[in-house]
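Labels for the chains are A, B, C and D, by order of writing; each one numbers its residues from 1.
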């Protein structure tokens, strides 16, 4: 097994999370160079994390001889430029979410890494949370039958740097920042081979003095008939609400990644005031997460990336996935404007998925709509008449 | 204080719930006549609940001298006819949800009771759950600021009688059966004076062999800019999922009415197998509700109805509310067809509601987008430039 | 059916709760006289609740011609005197918890009402919560097999009147105030015919400047071998923690009556600050109960009391039960002193309960300790050798 | 940074968990030799986990040149022998819980490794769960004031190998198997410098055909006055119940490690039946944990062990801690026999802890027992009279 040397591009919150993961526990991989536009921030970051080199030159960071992997943790509007540099340098590239500001930009990025032949992984951490991995495995094993509906919700009081709030630099608002997570979580549950056909979205700027949307809800219709639903907000109060719900013909899954995970603290706010990070308050009932980089998927994500790199296989989340996500978000923005369903425009590689099958059993030739056991042990059938389609009750002796 | 004598029309599940409520605890009101189309069912119901009279004649039940209040617990397609009879008889009328199969039918019903001058209450129990009442009171007191979004979800494996599944008799499918609850819950939180302007809906028949929709999701845009979102399904597995979520500019509310209310039972399924009603399984982890008629709002609902009747005031839920609900559902059905937002067509009595206000504070004339306290105690401002609108970071000494 | 006229003795928190219940919803019974030692409080109370008469004379309240039922909501040290008066007046008596300050006092009270032949009910509301009623019914039906262990916990930051904190007036501290609830909840689950044999208790005054205990934990061993465990505290932070847990050979029950019942509110504390009663904070995450008098059992309790009175049967909670509770608390106090298990000294009327039965199945004559299915489908048995008693593993083909 | 080569002694469930952790994610350490008494199991284990060598010779495994660390995952009765061998071989030793079958045996083991001067770590995983680490850190920072009470509960339907059920081989029953976890969790919260003074325990064999206890509850009194409470059972139904609760003068902490962690699945049991490990059922509502080795503390535990080894510091959990745990369990067993509090007999190294301080504020010289704000804004004081100690109410204007 190898140990990888990483050039970390970016020293913001996400660069910090990535490095905390790579330098965490007994992990074998390390950040060996860090880049920031600001020398002060680059130096502080390298001091904090014990990184040997820091630089304000992208070329120097990417071109560093010891580095085999470039991790892109920069604002959205810089992704294409930086990935182009890294691809030309022949380095493996791991890029934070979203891949780009639009499907078109994402497609150019995808084409670039594919023509360069470098390893490229899409750092969609929330598809790697241990709960999600276990739940997806369970769905694949058939535990909930056919998936009919997935709700993915990510809301909090808003991001931590100016560029996120700038429609041009980010490519949008809450949809681009948070919806990208939700879309890929939804795809993980309905199946990545299940084509997202069209999108209907509402978006509005309700609270903040910005041009980008601070709230949005969208529906995504998949080829199988399944519906994905994402809810994003930069105006949520109470912490960070990260929840997913999956409905299937044979079961249900509920995931809560942050506010109700089995760690509950009430404090009057005494002591030095520290309870945990990412909380909106420092007193009252607080709901921190135990191990953020573990529970939010960062650990499993980097494991998959480096393991895939070493085995020559594709990671669970690829740049193609990032491109599909951008295409779905494009459709959401178009729909918010046009006020109608908009098709997802994407070069589809995923094959075809059949419609969710209705498997009505028959009784005397009539389709059984529902079957219930009555208190007295008899069975009540609700039947759709084979000739007229009229629905009628029939009580049988069971 | 008076005691009311009720003619209960209908002996199905809802008639049973209503009667369990009226005959429950130390309640002063009683069912004195029960009507069913089937003599067998009418007799069995009167025996079970200790009701003095039963009949298969609507006229006899409604016209009974001792009866001052008629409760309509019949299938949707019979509401108009029955309410007309009761209004002509000058009796107080309480009608189960939905009021009608369409806005047009609902309007005729509304006009009828208003011209007859009889008391008319809309039996929307889920707006009366003790949790909802407390939460709505809290919202009215300003605890969560301006409401921006309400999600109301009601899903279960499907209703218990044939007529529900019949598009013509019911007026639709899961939307008409369950969405009517959600819409009125949403209105309770955004404010009934807040006009529902337009609706965008998805509906599909994914699982059951029926013509009506068995799954639907809809967005309702209110005059204030707030969004209501309802999710209904007749294909949910795991019991009955009744949850509401409310987001406001200053807070959040989460309500769970059924599956996670603090009563959790694991059983290997031994004994006589009884744990509680309304559960999908009889072993494993089960989540019954303590007192169904209390927690689902029936008790507070009838209290409000009879108290209002006695004091000559309007109940919390009126036939006008029922009419608005039907108008919103009509828009949802139109939208599911037209695949675009559809206006809510309703004779509006509710007045006007201003747009949710953005109240950005200023710093040197620039609007503050977000303010954060850094670990070192300094304050980070994200500001929208007063001239250019560009968003930039500013760290101040706090 | 009758309507009862109640003399309410006491205008404190509990008198308020009782009256809120009796005057709540469409209840047929009413408080017709209220007594307080203070004329000011008596008048204010009667004004607030619309009660026709108020008085500072116990004799006047109890002897009032219209009154058929006396409700005792006075401090513990007054119970015996007042109950004696009411019994002599031939009125039905409902007494708040605990019945007395000691088993001896309770026994005298019990003897008094029995010799007077009046109806006497013990107002132990927490045995009547809808969740508890449903859970107890489920246990009776065999859903969790034999009960092996019950934990009942009641903790909050301390009571609201001086006399509670006074060891002599109350008869003790947190045990007498809160443990009485827990003991009777435990008895409801292990079965009232199941004799409490002995008690082991720890009690200490950790935080408050008082002589009575502000924290205690006790174990109660029942004749069947089942263990009851109560935890009480007047120093809990975060609201009111009311939880019960029941373990049985075939199942498990978890009850949460207050802090996690499906109503969750986050607020920044704006508006008029009102969210709900009984909360320790007015901002942050708050967890109120929907309908306090319903969910805490008051409604079902008074229903049982008046229904039993009318039908001539015993209520679910009798003065004998109150006496048993006092006897168990006496043993707890003795044990906290003697630092060893202490027998419960009680005149037992409950019959005898057999020991929880071990029902080991045999395999070739060896008792099966545990049976597990291995991943490959084979069955692993852990067996106790029939001759040596040595435990050994055996893997069979299933 | 180094990579460690481990000799894994034992191929049971715990050896499997340890190896899953060491070979998990991108971990730098590896098992290089595995030992089992059975060649078949040793070979199967080495195949499954890709371990280079396997052996049935303890000496060969421990003495292997490449091995620097010995992990003891063998039954309790073998610990002393094996640790002696490893200490003589000068290897670092990590031993599973409990350290020994009695305090005496534990003390000999402790003396052995100290005289040999080898690194010795106690593999108490549940003190390393991310939630526990965060909660303990929060307590240390003062968030909940002085700790007054800790409840630690571990219950499940019983262990997976015969030797656990054998009183002699294991050193006891559920207390030795599960109580050891609870005791150390409790110590982590009350502070390891806080001496466990005495223990009161109940233990019984209620369900299984064994000599060892299958249920027990114990109280541990610490020098500060704080109380620890552990509850263990081999007869719990519904999965694995792992919960901790901490009460402090300024706050409360609730931890749930297994059954309610934010992952909830309902399944009708279809598909290939797989949902997750460690569940008691395969259908209905299931509550698996996302990442077991992460959430149950194994990852952080090995990180601490190897990091400490490399930095020459003591790990969080030492053999001395293991010895204290055994001493507390000894007292519990003595108490279950003697039916009274029993002193903990231990060579104490932890220093002294002051009694939890009562800090009553004064009002006119009287100690304030409680202070409440009345609805009308006035303040109600419950005061302990400075001369008489009598407690009285005083309402002030606030």
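FYI, a residue touches a chain if its C-beta (ideal position, glycine included) is under 8 Å from a C-beta of that chain, and two chains touch if they have at least 3 such contacts.
Small disclaimer: the values here were computed from a predicted structure and weren't measured.
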Partner chains shared by chain A and chain B (touch criterion as defined above): C, D
Winner on C-beta contact pairs when B-C is weighed against A-C: B-C
Copy pair chain C, chain D: interface residue numbering same or different (half cut): same
Distance between chain centroids, defined by C-alpha means - chain B, chain C (Å): 35
Between chain D and chain C, distance of the C-alpha-averaged centres to the nearest whole Å: 33
Between chain C and chain A, distance of the C-alpha-averaged centres to the nearest whole Å: 48
Numbers and ranges of chain C residues touching at least 2 other chains: 144, 237-238, 250-252, 266-268
Chain D residues touching chain C - in the complex, by the definition given at the top: 144, 148-149, 151, 155, 157-163, 165-166, 200, 202, 204, 206-211, 215, 217, 219, 221, 225, 227, 229, 231, 233, 235-238, 241, 247-252, 339-341, 356, 358, 360, 367-370, 372, 380, 382-384, 389-393
Footprint of chain C on chain B - complex, ascending: 3, 25-29, 129-131, 133-135, 137-138, 141-145, 250-257, 260-276, 288, 290-291, 294-295, 299-300, 302-303, 306-307
Touching residues on chain A, where the partner in the complex is chain C: 237-239, 266-268, 280-281, 283-287
